[in-house]
Structures are given as C-alpha cells and as structure tokens.
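Each of the next two complexes has chain A plus one other chain: chain B in the first, chain C in the second.
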Partner chain A sequence: MPILRILLLRLLTTVVTLAGVAVIVFFVIRVVPGNPIAMMLPPGATEADIARLSALYGLDKPLVTQFWIWVSGVLQGDFGTSISTRQPVLGLVLGRLPATLELSVMALVMAVVLGGAAALTGTRYRGGRTEGAIDVANGMALSVPDFLWGLILILLFGVLMPVFHISGRVTPSLDLPFSTNFYLFESLIRLRFDLWADIVAHMFMPALALAIPLAAIIGQLLKQSLKETMNLDYVTLARTKGYGETRVILREALRNAALPTLTLVGVQFTFLIGGTVIIERLFSYEGLGNMAIDAVINRDLPLIQGIVLLFAVIFTAVNLIVDLLYAVLNPRLRHA
Partner chain B sequence: MTALVIRNLSVRLRKGPPLLRRVSLDLAPGEVRGLVGESGAGKSMIGKAVLGILPPSVEITGGEILLEGTDLLRLPPADRRRRIGASCALIPQDPLTALNPSHRIGPQITDRLVDILGWTRRNADARARELLAEVQIPDPDRVMRSYPHELSGGMRQRILIASAFAAEPRLIVADEPTTALDVTVQKQILKLIAGMQARHGTAILFVTHDLGVVSKVCQRLSVLYSGMVVEDARVADFFRAPRHPYSAALLAATPKYTDPTAGLNPVPDAVIEAVRAEVAAFDREVAHG
Partner chain C sequence: MLDGRTLVRRRAGLRLWLSAGWLTLLCLAALLAPWVAPKDPLAQDLFLGRMPPFWMTGAEPGYWLGTDSLGRDVLSRLIHGARVALTVALVAGTITCIVGATLGLLAGFLRGWVDMVISRLIDIWMAFPPVLFSILLIAVLGPGLMSIIIAIVVIDWTRFARVVRAEAMAQGAMDYVASARVAGRGRISTLIREILPNVLPTIVVLLTLEMGIAVIVEAILSFVNLSISTDDPTWGGMISEGRASIHQAWWVLVAPLVTLFLTVLSFSQLGEGLKDRFDPVLR
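What follows is the complex of A and B.
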C-alpha cells in the first residue's frame, strides 16, 4: 500500500519535473549562440538558401509555436528528426541508451563492491594501520576527477600494460548476433562468453574511471556509519552472544549502517551518469553521452532535446529505485 | 563450584587513571549479587569486564575472572567469546536501543541458540515461544514475527529477559535493567526477573544504583566507590547494620517514598572525604608495590 502511494506520488512529480526540463532545454539551447542551419550549409550559401532550410525545419516560426509543435509531437511519441543525421531522434537515442545504461550500472556495481570492501575492511581493523591506509586511498580516489582517472587508466592498462581496450564498445571485426543493444547482457544470455569477454575488456576502464570517485565516497560514508553503529547497544548485546567481530559487523551493523549510504549513492549515481558524457568521449564509447557531445557540436537541436529529456527520465527513475530500496531495507518505513 | 569468582580485578583507562581497583567478589550458583554505587563507581564496568565488552579505551591490568573455575582472561579471544556466549548473558539497560531495528524479534532470541550452540531452527523457535510465554507475552508467534519498533518498551524488556535466559546460562549480568523504564513497569519487570531467576536457578550480577531494588531481589551486595569495593555483605545484614561509613551514608541517602516528609539526606562531605582518603591510601600502597 505505501509503496503504491510512493509510486503514484512519484509519477505526478515526475510529470512536473519533465515538463520543467522540456521548457528549460528547449529555450536555453535556442538562446545559446550558434545555429544548426549555419552548420549544414556550405560556404557561400545565399540568404534564400538559409531561409528555405530554416522553413524546412520549422525554425522560421515563432519560438512558442516551435515549442508547441515539439511538445505535441513528444506527447505522441514523435521526438522530431535529428538535423545532423536526418534520422528520427527517438530511434537514435534509444539505440544508444543501452550502451550508457550498461556502462553506468557496471560502474555502480564496481563502486559498491570497491567502496563496500574498503568500508568493511576499515571497520574490521579500525583504529589501526589498515584503516589509515584505506583512508589515504579514499582521499586520493576522491581528489582526482573521473576523467583524469580515465587518462591514468589508459596510460597504465592501455599503453604500459595493454590488457584492456582503450576505445569503442566492442572489437569492430567481431560478428555480433545481437537483437538488442544490451551487448553485455545479451552476450551472457546467449552464453557467448567470447563476446562477453571482449565487451568487458572494452568497458572495464571507462567503468572503473567512473567508479573510483564514487567508490571512495561510499567507502568513507559507509565506514563512518558502520563505526558509529558498532557502538550501539544491540551490537554490544550481540557480542555477548558469542559472535566474532566480522560476524557482528555483517549481521548486526551492516544493514542499519547501509541506509544513510544508500540515499547518498542514489544522488551520486546521477552524477555518475552525468560523468558518462566525458568518459564516453574519452574512450570513444558509443553511448548517449558521446552522442550528446556530437549533438551539441552540430547544434542538432531536436537531438539535444531528446537526449536531455532521456537523461531526466533516467535521473527520476534512479531516485525512485533508491526510495523503493530504502523502504524495503528499513522495516520502520514499510509499515508506516 | 562457585558460578563466578572475580579476584583482584584491575581495570584502567589506557595510560590513564584506574577504573576498578583490585575488585574481588564471588557468586554462588543461583545467587543474586547487587553491585551498587554512585555513577562512575565502576559497577557496570565489572559486568562489562565479565562479558568481554569493555570499550577499546579501557584495559584490564590484572586479576582473574573465573567462570565456573576457568579464568576467562587466560582463554584465547575466540574461545573466551564462545564460552561467554554459551554460559553468560546480558540483560541490558535500555530496551529501546538493545534490539536490532532491522531484524525480527524471533531471530534475535534464537540467534545464539542456532549460530553459537548449534540448535536446529525448529527447536530454537519452540524454545523462543516457550520463553515468551514465560515472560507473559501474549501471542508469542505474532511477536516473533514483529519488528522492535512495533512493540512497547516494557514488551521489549520482557523479550530481552526471555532472550537472556534462552540458553540457560550459568550467569546473567543485569545492567540496570529497570532504570530506563516507567516506574509502573519497573515493578513488574523486577518481579519477572526475580521469578525467572528462581525458576531457572541462574546466578545474577545485578548492577543498580537503587538500594530498594537490591533489598527486593539480591541475597548479597558489593558497595563500590571509585572502583573499590568498600563493603561486601549479605543483604539482610547490610540493611540491619552497614559496616562501612560510606555505605551507611548511601543507605541513609536512599529516598523513602513511604515518607515524603523525610526529605533528602545526601552523603555527608566528611564521609566522602574519608572514603576518598581510603582510595588514595590504596593507590599509594599499589604504587609502592
């Protein structure tokens, strides 16, 4: 019942959020200097050519009318046509979405595993040299931005010790039997571990670059709340029952300590998705972020609008998932 | 064999002042001993030392804790932990914070039986149901499926008491088990602990600052001041004629609810000075070997 209420409430706020995003992106990219027609025409085009092309894309109409045309199209599932590629925006964007989703989720999993391991180890050996070393590593991971990690990784594992691919999503010469664009997922389902290994070897470094700063945040926050939880009465009571330190941490403390971290991971994950824009560019990874940069360079207005809207949908969905997870993990909320 | 013997137990803050000064006491099987004293006297510290839950800021500098003849302080840590889990239990002070908010009640009673003592889940569940009935909780099955936040403070303390008796321990440390409760609930809980203790024949170290409680449930008591046992006596003798001036003053200071006109009788300054001098003399003696 409460979960249903959360969902309904969320759906309402999502509609308002998306409407706001639509308005802002539509008008802001038209205020910013540069226009798509100028990008398309060869040098020496006449005023008449410009006018004709503008009319073709509806760019000669008043802004509000243009907005209305776009919005009514979107509501019917038509996101317009990309100016630079002359293909429908929706198809382009949805075609790239799986690549970015796989990259982000892979990065999130890496961040949770690395950060969780750091936090648990740090708590288990708190007050000693191990915890000190973990704190130093966390600090370093946090003070270097994701794209710089990307460059460092390329240097380490792409150049000095070339074990991973530094560009693309999959080796181009491979024959792909996939019917969706979820390559990583589909290669597993089809038990094509050869392809899976190739995809992972491409994805590993960009995902790790995205994951490292988030892992550091998770590690620090989770360790902090684990250490606080370890002093609570119910943990002390569990010790008297005969449980060892490791089991006390995992059984008694982890679940309660994970709650505040979870909220933060939700917020940080949206930053991580934002980070894919630069990381995908750096690794020539064919995802939404890379497409977004091309769209901005080409002043491809409909495509920019489509990508931004899709990002907004992803952010809202991530926040919704976090809220639902929180309700599942915290029994006090479930019955409230 | 005595259930618990503590000999010359000394505890101090790491590189700091002593918190327990050569504390000695013993506890026969099925006996209840009160540990009384003002806050900071070290009464809880004794219970924590026995259960192996001293905070990391504190260290044991000497002495023995013999649990049924075995010195816990000489056991390797893992053995000591298991030994304590199998034959000791804690009734904590605050029932609102002593249950894990994200686990159901049932597993919090049975966890020790299943994980440490190797019972089957079915037997452990049956045992938990039996215990909850014994502490007069209606509908034990529903309560076992509940989360702590769904239950009142009094209910939770009953559950913690049931859980403490689950493995039929030889020794229970009750750390001010009624202090956090409503006055009306305090009496019931005290009666409940006394009843359970009598039925199960468990030895209890009863930490409290309330001499009234001691007179109701304990057979013997240790009066502590500044980590030193100033008096060790049978409860009946103590209430008739306390031997040490400090414990006499402490007894006189106990408010009498039956006589509201009596007012408060704080421990006189002269008595405090005298007992402080005693502690100082003890420290000097220790320092000179």
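What follows is the complex of A and C.
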C-alpha cells in the first residue's frame, strides 16, 4: 500500500516539524529580557512576592525541567496558564481561533473568486487588451503585501468613502445571542441577517487585504494552466463539436487546469493565515494574531507558546489536507 | 511590425527603467537627506500640528506634504526615513541572500544528510507565522536597526534556500555537471564554478524581491512599535502615527503609504524585469 506508506511518512515529518517548532519557540522566548512576573505585579511588589509567583508558574525551575513540564502538559491537553490573564491558555486560544478561522476562510473564498474570475476572463479574451490589463493588475496585486493593501483599503473605504468598519469584529453595542465564537457562521444559522451584515461589514476589508495577493497568484497560475489546456486535443474536439469558447473553458478546460493550481494554493493559504497576525492588528480584529502580539508585549510566555504551536498545527494541517485532496482528485495518483 | 516578443521586452524595459529611476531617487534622498530635506525631521511645532499638504486649503507654506500631529514636517520625515528603509533593504537583503542561497546550494547539490537536515529546518521554519516570529525575535533582541536585520535574516533565509535548493538539484542532474566531475573537479569546486553561475540569475531576482520584503518587515515592526527608537523617522513609524490620527489628518498616512507602495512595487518590478532579461526564452 504505497499511499498508506506515504501518508505515514508525511505524518511522521509533521510530528518532527511540530516538535521542532515547540523546542524553538520555548527556548527563544525564554531569552526575552523582562521578567513577566515582575510585569504583572503592582509596582510596590517585593522580591519575595516575585519569587512566590514565579514558583507558582514554575518559572524558577531549570529550563529543561520547565520544557518537560510544558510538553507533557501539552500532550495531555493542558497548555498551561496565561500569565497576563491568569486563565488557561487552551481556553483563551480556542476562544479566539474561530475569529481567525472565519477571517482566513472568507479571505480564501474571496481570493478564489477574484483570482478565478481574473483567470477565466483573461483566458476568454486572451491575446488582447483585456488580458494585458489583467496581467498588469495581477502583477501589482502580487508585489504589494497584505499589510499595505489593508492600509490602502482603510484609507479608501474606511475614511475617504466610509462604507466599511475599520476596526473590531462586530459593533460593540449590539446584543449577541451567540453560543459559539463562530459569529459569521452562527448569525447565518440563526437567520440573524442584521448581525450577519454587521459582521461582514467589519470583516470585509481585512479579508480583502489578505485575499488580494493570493487572488493574484491564483489568477496567474490558473490562467497559465488554462491556456495550456486550451491547446490540448480534447479541448479542440469539444470546439469542433460546436461548443462556444466560454462553455469550452468552463466545462472542459477548467476541471483539468484547476488541479496544478490547487497544490500551490495550499502553501499560499498558510501564508495568508500567517498574514492574519498583522492584519488583525491593523483592523483591531479580535483574533488569534492580535492576541499573539499582545502576548509578546506582555511577555506572556505560556500564551505565546500556545498560540505559536496552534499556528504550526494549522499550517501543517492545511498542507496535509491539500496533499490528500490532490491525491484524491488526481486520477493518475488514485490507483497508484 | 511589433511582434509579441518585442512588445513584452519593450514593456519590461519600461518597467525596469521606471523602477530603477524611483529607487535611484530614494538612494539620493537617503544619501543627501540632511541637505535636501526642507526641515528638521524631529523639530516639533505644536502650533503647526496637522497642517494639510500644499494642494489643500489651509496649507502652511514650506510644508509641502503637511505636518503630523506634533507639527513635524512629513516630507522631511519621509526623506530621512528612506535611510533606515534602504539600509535595511540592502544589508538585510544581502545577508539573507548569502545565508539562504548557501544553505540551498549545499542541500540541493550535496543531498544526503545535509539535505535532510536543511529540509527539515525549512519545514519547521515554514510552520511559523513569519510576522509573529519577527515580533518575537525583536522582543528577544531588543529594538534597534541591528535587531531588525538579524530578525529578517533569521526568518527569510528559507525563501532563498527553498528555491535555490530546487534549482541546484535540477542543475546537478545535468550532463555538464557530470562532465565536470569526470574531468576531475572536486565537489565544492563544481558547486562554485559550475552550478553557482547557473543559479545566479534566480538568486539575483530573489534578492531584489527580498529587498522589497525587508522594507515591509521594517514597516510592520515599526507599526507594532518594535522597530528603532520612536524618535528616528521611519516609514513604518509614520504609518503607525498616520493610522492613529487617520480621522483627523489622513495625509499623515498617505505620504508614507504611497512611498512604501512605490518602493515595494519598484523592487519587485526590478526583479521581474531582471528575470525577463535573464530568461533565455524571451531573450
């Protein structure tokens, strides 16, 4: 069973990667100057107070022992206690995760729609001015990172033409009936379209900022492989049957051209998720990334470890899923 | 008659010249900052706070791009900010390039355990969110120009290593490499004399892209207040101030934003243009 072996090997490298991330983040942040315990105590605290609290968080033990305690905790689902909020890290992190997931998925959908539209239009009118214009727009979208797109959007649609909200996840004065933190999803399920609209108006710009560079990549790759597919025999055959160009692209070429794009979109999607850190900061969006920056500023070591590890799990999971999808969708690999 | 190929080359040529022009202008501004900046970039004047740029009513003569909330001249701060931006771009870009390309070449050509170790490291690095990683590193190293450069090198070497490794692997499988080995060249000598020249165009393109990225990283770190001391004018710091006073004085944000946009675009267009030049199919 080669597929099973490949899968096992992949899982093994994933474990190695995650272990590497855990080791690096643990030891790197312990070099950080500034005592987190001293920072959380009021200015009048004595040395004895600091020592007592350090012992409570296990920060007085040797580094290797601390690492061992942390890792064995993590393996049992205990990620420790946040120093700045004094709550369990796992709860804090999982509470913020839905916000970041919703933002990333919305951005991914936007990128696929925008990039797909650009590629299809470019292929339909290839060789002309339209394709040229799309190429130029793609080039710009690709070279400018999400951070700058976010600022440009804030300026254009938040200040000069205020259409969308520039900060937060939802208008604070609204009464939220939600039982999970998947606001966007739950507002739809509960048919609260008023809330849904408010949430979308908050998420639109950060999601678009994240989506633009990825849309450019999708647009470029998909257009390239569509154009190659358009010269294949079976597409010519479909044309001789009298199908129109648009139908040939959509019904015949797209299915085959989408596959090579998929693998690259996987890696790029992890870059997009990494981008949420600064985009959430820029838009004061209450997600994981914004919490991570606060955790660094507060020297909240357990929280930083938890968040970085969670990001690493998400990244490796996305890559694994894309590999599996590719194996499932590619008929040449299915029976291998 | 213009065929498609000439058209592509001509357009690429224009892009190349425009980008090179903008970057030259920036270099001049950075080098001559004390002489060309109209005002002292640090001089505050609370009576002249949030003055609009010259084309708007109420502009103060002499302050072409207006002033920020502390009454500092935006244009002068931009010009002085070019110093930090370009230093980071050149120094961090070059060191990242050397470290990443070396590791990539070694992994791709030597294969075996060297490749295994470097590839695993790349995997681990790719599992870190890069922005968060850089913020963490600055927290560890303390703020300052040196820290930013180190952070960029530590985080971005994988960009070079991944691509160069794949290129070196492809080149290593070619006949000319085998002939060089048969002719008696050592492994390292083959790597430097035969493989490196063929991978160099890719490295140069990546280097120009990396310079643009380095400028952005510096801006992001200034934005979260972790860059250089807040007194020194940096584009990221200006963006951060502009974001804070966006409803009162949007021009404080526009000026560094447009500058940063053009700079990043120029670096990447320069890279694209060079790629077209190096590409034997287009040439």
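Observations, loosely collected:
Throughout what follows, the second predicted complex is superposed on the first by the 307 of 336 C-alpha atoms of A that agree within 3 Å, B and C clash if a C-alpha of one lies under 4 Å from a C-alpha of the other, contacts with A are read in each partner's own complex, and residues count from 1 in each chain.
Please note the rule applied: a contact is a pair of C-beta atoms (placed from the backbone, for glycine too) under 8 Å apart; a residue touches a chain by one contact, two chains touch by 3 or more.
All values reported here derive from a predicted model rather than from experimental measurement.
Room for both chain B and chain C is found when the two structures are superposed via chain A, with no clash between them.
Legend: residue contacts after superposition of the two complexes on their common chain; A:Val105 is shown touching neither chain B nor chain C. Legend: residue contacts after superposition of the two complexes on their common chain; A:Phe315 is shown touching chain C, with no touch to chain B. In the superposition on chain A, A:Gly244 makes contact with chain B only, not with chain C.
Of the two partner chains, neither chain B nor chain C is touched by A:Val200. Between the C-alpha centres of chain B and chain C, as viewed from that of chain A after superposition on chain A, lies an angle of 90 degrees, to the nearest 10. The larger set of touched chain A residues comes from C, when the choice is between chain B and chain C.
When the two complexes are overlaid on their common chain A, residue A:Leu188 makes contact with neither chain B nor chain C.
In the overlay built on the shared chain, the residue A:Leu329 is in contact with chain B alone; chain C does not reach it. Using the contact criterion defined above for the overlaid structures, shared-chain residue A:Ser143 touches chain C, although it does not reach chain B.
Fitting both structures onto chain A leaves chain B and chain C with a minimum C-alpha separation of 9 Å.
Residues common to the contacts of chain A with chain B and with chain C across the two structures: none. Only residues 13, 16-18, 20-21, 24-25, 28-29, 31-33, 139-140, 142-145, 147-148, 151-152, 154-155, 158-160, 166, 267, 270, 273-275, 277-278, 281-282, 289, 292-293, 296-297, 299, 304, 307-308, 311-312, 315-316 of chain A touch chain C when the two sit together in their complex.
Every residue of chain B that touches chain A in the complex is listed here, in rising order: 51-53, 56, 78, 81-82, 84-86, 88-90, 92-94, 97-102, 111-112, 115-116, 147, 149-150, 160. Of all residues in chain C, those touching chain A in their complex are 120-121, 123-124, 126-133, 135-137, 139-140, 142, 212-213, 216, 219-220, 223-224, 239, 243, 246-247, 250, 253-254, 257, 260-261, 264-265, 267-269, 272. For chain A in complex with chain B, the touching residues are 127, 232-234, 236-244, 247, 251-252, 255-256, 329-332, 335.
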